[in-house]
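Two complexes follow with chain A in common, the first pairing it with chain B and the second with chain C.
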Partner chain A sequence: MKNKLLLLVAILTLTTITVNAKSKVTCAGSTTVLPIAQATAEAFMDAHPDINISIRGGGSGVGIAALINNSVDIALSSRPMKSKEISQAKAKGINPVPYAIALDGIAVIVHPSNTISNITISQIRDIYTGKIKNWKELGGPNLPIVVISRDVSSGTFEVFNEKVMAGAKVSSSAQLLASNNAVTNTVADTPGAIGYAGVGFVSNKVKALVVEKVLPSEKTVQDGTYILSRKLYMYTNGKATGAVSSYIAFIQSPQGQKIVKEQGFIPLQ
Partner chain B sequence: MKKLIWLTLLGLLLTGTLCSQELKISGEMWNRWTIVNGKVPADSSNAILKNYFSLERGYFGLEPKFSETVKGRFTVDIFSSDDNKNGAGLKLKYAYLDFSNLIPIPDLTTTVGLQKVYFGSIYDWTYDLIGKAPADEYSITNSSDYGITFNGYFPEGWGEYAVGIYNGEGYKNYGANLKDNIEPAFVGNLRITPVSGIMVGGSIMINSNERKKLLTDNTINPKFNQQLLLDGLGSITYGPINLCLEYISKKVMHADEFSNKDYTANCLSVIPTIKLQKLIGYDLDLIGRYDRWDETDNPSNQNLLNAITAGLNYKFMHNESANPAMQFQINYTYKSYDEEESSASYANKLKDSSTLLLQLKWRFNNTITL
Partner chain C sequence: MKDIKEKIFQTIAYLAALLTVICLLAIIYGIFHDGLSLFKVVSWKDFLFTNNWYPTHYPPSFGAWALIIGSLTVTLGALIIALPLSLGSAIFIAEIASPRLREIVKPIIELLAGIPSVVYGLFGMAFLAPLIRQWFSLDTGLNLFTSSLILGIMVIPIICSISEDAMNSVPHSIREASLALGATKSETIFKAVIPAAKKGIIGSILLGFGRAIGETMVVLMVSGGAAQIPKSIFEPVRPLTSTIAAEMGETIMGDLHYNALFALAIVLLIITFFSNLITEIVFRPKRQK
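Then we have the complex of A and B:
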């Protein structure tokens, strides 16, 4: 009788544990990908109450290092992994597999009254390093240029720094702002200003410039013709399975891509 | 004069770092308790030979990032030492610049200055065991040296490579201490990661003392010798288990073709590790090591050493990348020498010993945007 009672207690305990057990998915990495991950995780967990997704930022490098250390399920990254990182991962028995989840384009914006419409990468670089100080040097109005940039920890700055600055240092006179909205609002209020922000954040309060003869738009970012764009990734150790696979599939689905767009990014298709 | 040199160095360093975009400040301290038990050389009775606390390493480093393509690293090592009346020593460990755009090959970096020696496992030894990498432990090569290297990674994580030229005498020697060595050392290193969990690699280092085998009167140059160092490295990881094997051969050749001073020394090192974090929730590693160091062809230093180490690593206070800020390590090592040879008249009377090491490491780093 005593043994039967013990067996019953054991079965009940195990059943309780099994019923209460939630699949846990851990993500870390890029602050650019973070809002997409958070918004999609909320929607996904609403539909899958048995899955718990925890997300933290830190930057792409931090997320990738955590994946290499086998401490997260998903690394959020706004850039492809470097050869060095892949090599280190493989040596540790980690097989990083990338999943593209969204596109990010950066628009260079000016005040709507500015007559300049086209610009080249080298001209943007000269403005941001302080070589070009007045719009008249580019055939525009006689107006000092007010340079607006993002704080260096942002993913948007990371892309701008890589694709435009190419190793050059942003002039110390540039105003550093903390968000895409802060940049667009400041540029909208300052006639001589130039700034940059995610394509999804550009409104009719500012004017997006044609860069290297291509206007930033959802279409030109998706077809790869617009130069200031990039893919955003989630990396897993080996091909995603179980709850991780379901979550990534949700982000790539039409429902997930709608959330991507709502967050100011560009859907994959 | 010393003060002037230090002030100049500090000035150069500050000027350099202020010109940079970012500056990473880092430090790492190794507090160690060493207890050595072994045979007393006089009568071979067993006794505690050493029992002391020390700061074995006190790295302090600055890593300025001047641009996306130019970065620097400056590291000094502060440590407990009897060589100085103050009980502490200071060594320059690294002082180099990395240029990633000098040669238009993706992921290739040109490194100039006092830097890592790309030989075997010495340049990325993680100190999961308290002991050094085999090449460092048995003084086969130095862990850093003055020179120029070209080091990089193959696309898609296929591995890494390095070729370089160094003084060959290590970071503790320069100028007058370079032992008449006008010949630099040449190093080549290759590692391949064909699939996840498997890494194979090898290194070669050619070094010599003096350039010419013959003196001007056509007699043999007694100071000439050439070293050929070869290293084979392999690592297999499956889940929480890793097995690392390293084999090193050191061949020393003198000017006389049939010199009895020529010798070859060999080292085999096997390191198994089991990571228990996924199993028990704590970042705990069980780690072992077997070394066989055979230098018996050297008439002036004949010994055959077998060393077995068992260790435990507990890592805690992890940062957001899951790298620990603190690490507690226990290592027990038993060293045994070939009985006949260690007692022979030509040997250096090496005796068996056991060592217990307890170590608390802590590290910090922070990046400042300038």
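Then we have the complex of A and C:
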């Protein structure tokens, strides 16, 4: 009995030592970047059992604040740092360095039977604020528009809100659905519907609109001509070194970018 | 020795009851603790009675009136749909069906209660909503009516089986007396049995109400989620429960939006508390002096 106990203690001590020997990488920030960070971290840790990556959400602002307080190694951000945040960081002796890890584009989608195929940002805004209520106002069929939006705390809504709404409020009669898939399925079933979803989620059951004369695709998001897109970043304090650097290099590698694509985002190249 | 065993058993039972009560109190404390912080910033009148739910807009606004109306209308609709069906089934099972038929019908209706709510939601979203959109030639099938219809089907087994139990426990002498006075079968059911089983029937309706207003998955998937006061039964609504479920995942802990979602939980808790309280009062047997 006593021997067994000793053995147990020995094993426990050994495991603690090995855990301590692991290098730890901590990340926090944007919930949009979170799925990419999680999926790539899992693949990366499989290949590097000596590195342990822990990831928290909280939003871009929270992640950047944590980097400024030096409590995380990597801040996940769906936007470039604001000048105010950079000066805060400098004041604390932190030197934030951005690494682009993926692209995020959202497509505006309608039912395949809809004759409209071009739309402008201001027309989309008027539809979502409730100013335009029928497709015929845009030269389409005489059909009331069913406005479909995403839940207000989702990352997809965040891009849409920033790039399209520009401070205006989405009409209260808009339907708010809980996922990219729910939006595409509902638009596919509803002739009068308009919705938006990550470019990676658009299937042939719905029609993606040409926005400001550019059709959303992997290519137009990558070359920056499609307007409803953004870069996703990881910020580190100073140039990344050691485990942090190899993790970021993994995400930027072809293997990591393949995972980015699987998560519904767009690879950098 | 026997005494000690008895004592131990009683203590365990006492501790189990105590633990349950503590769990409840801890949940209530947690929800109120996080929810009430909202009211340091937003007045409770604005929260309850204004209609502008823009929690992530800048500046945010937290007017939950449309969400409360969403929950109440969906629940009311569900009860309107469920009542005739479930009371009709209860009357059939308790009073009309032969014992053999009863043995078949009753478990089938109760089986409805065993279907997980996400399955109801999936059914509603994938099959019922497109059908309803076509039948009534609507713009969208995800609306108040579709949600009420599915919730109504979900509460049928609750209302039906409890009402049926209540009717079953009406003494036979009452039925016999009524029939002996020359009343027909239907007169006996409506004028003798149902009045005698009134308490149980009302209680079953209140339990159905509690089930419907707390249901989350179905309304999240089927109600459409528009935070507006519906102008017709075919417009989308956004109940309290689906708002909490949809927005909680990605709010920042300790943020005002986070507190506002807990404040919505307080509203739900108060509504269900009162419906339970009324049920309790209805069910409580009158003390005989």
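In this text, the second predicted complex is superposed on the first by the 249 of 269 C-alpha atoms of A that agree within 3 Å, B and C clash if a C-alpha of one lies under 4 Å from a C-alpha of the other, contacts with A are read in each partner's own complex, and residues count from 1 in each chain.
Here is the rule we use: contacts are C-beta pairs under 8 Å (C-beta built on N, C-alpha and C of every residue); 3 or more make two chains touch, one makes a residue touch a chain.
Note that the structure is predicted; figures quoted are calculated from it, not measured.
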| item | value |
| --- | --- |
| Joint occupancy of chain A by chain B and chain C, clash or fit | clash |
| Partner chain in contact with A:N69 - chain B first, chain C second, else both or neither | first |
| First, second, both or neither for A:K90, with chain B first and chain C second | first |
| Which of chain B and chain C A:D189 touches, first, second, both or neither | second |
| Partner chain(s) touched by A:M45 [first = chain B, second = chain C, both, neither] | neither |
| First (chain B), second (chain C), both or neither touched by A:R56 | first |
| Partner chain in contact with A:V214 - chain B first, chain C second, else both or neither | neither |
| Touched partner set for A:I116, first chain B, second chain C, both or neither | neither |
| Touching partner for A:T31 - first (chain B), second (chain C), both, neither | second |
| Partner chain(s) touched by A:Q175 [first = chain B, second = chain C, both, neither] | second |
| Overlapping contact positions on chain A, where the chain C interface meets the chain B interface | 58, 62, 152-153, 161, 167, 169 |
| Contact set on chain A toward chain C in their complex | 31, 57-59, 62, 143-144, 146, 151-155, 157, 161, 167, 169, 172-178, 182, 185-186, 189-190, 192-193 |
| Interfacial residue positions of chain C with respect to chain A in the complex | 51-58, 66, 125, 129-130, 133, 139-142, 220-221, 224-228, 235-236, 238, 245-247, 249-253, 257 |
| Chain B-touching residues of chain A, taken from the complex the two chains share | 28, 56, 58, 61-62, 65-66, 69-72, 81-87, 89-96, 152-153, 161-162, 165-169, 238 |
| Touching residues (chain side chain B, partner chain A) in the complex | 21-22, 67-70, 101, 106-107, 153-160, 191, 193, 195-197, 199, 235, 237-239, 242, 277-278, 318, 320-323, 369 |
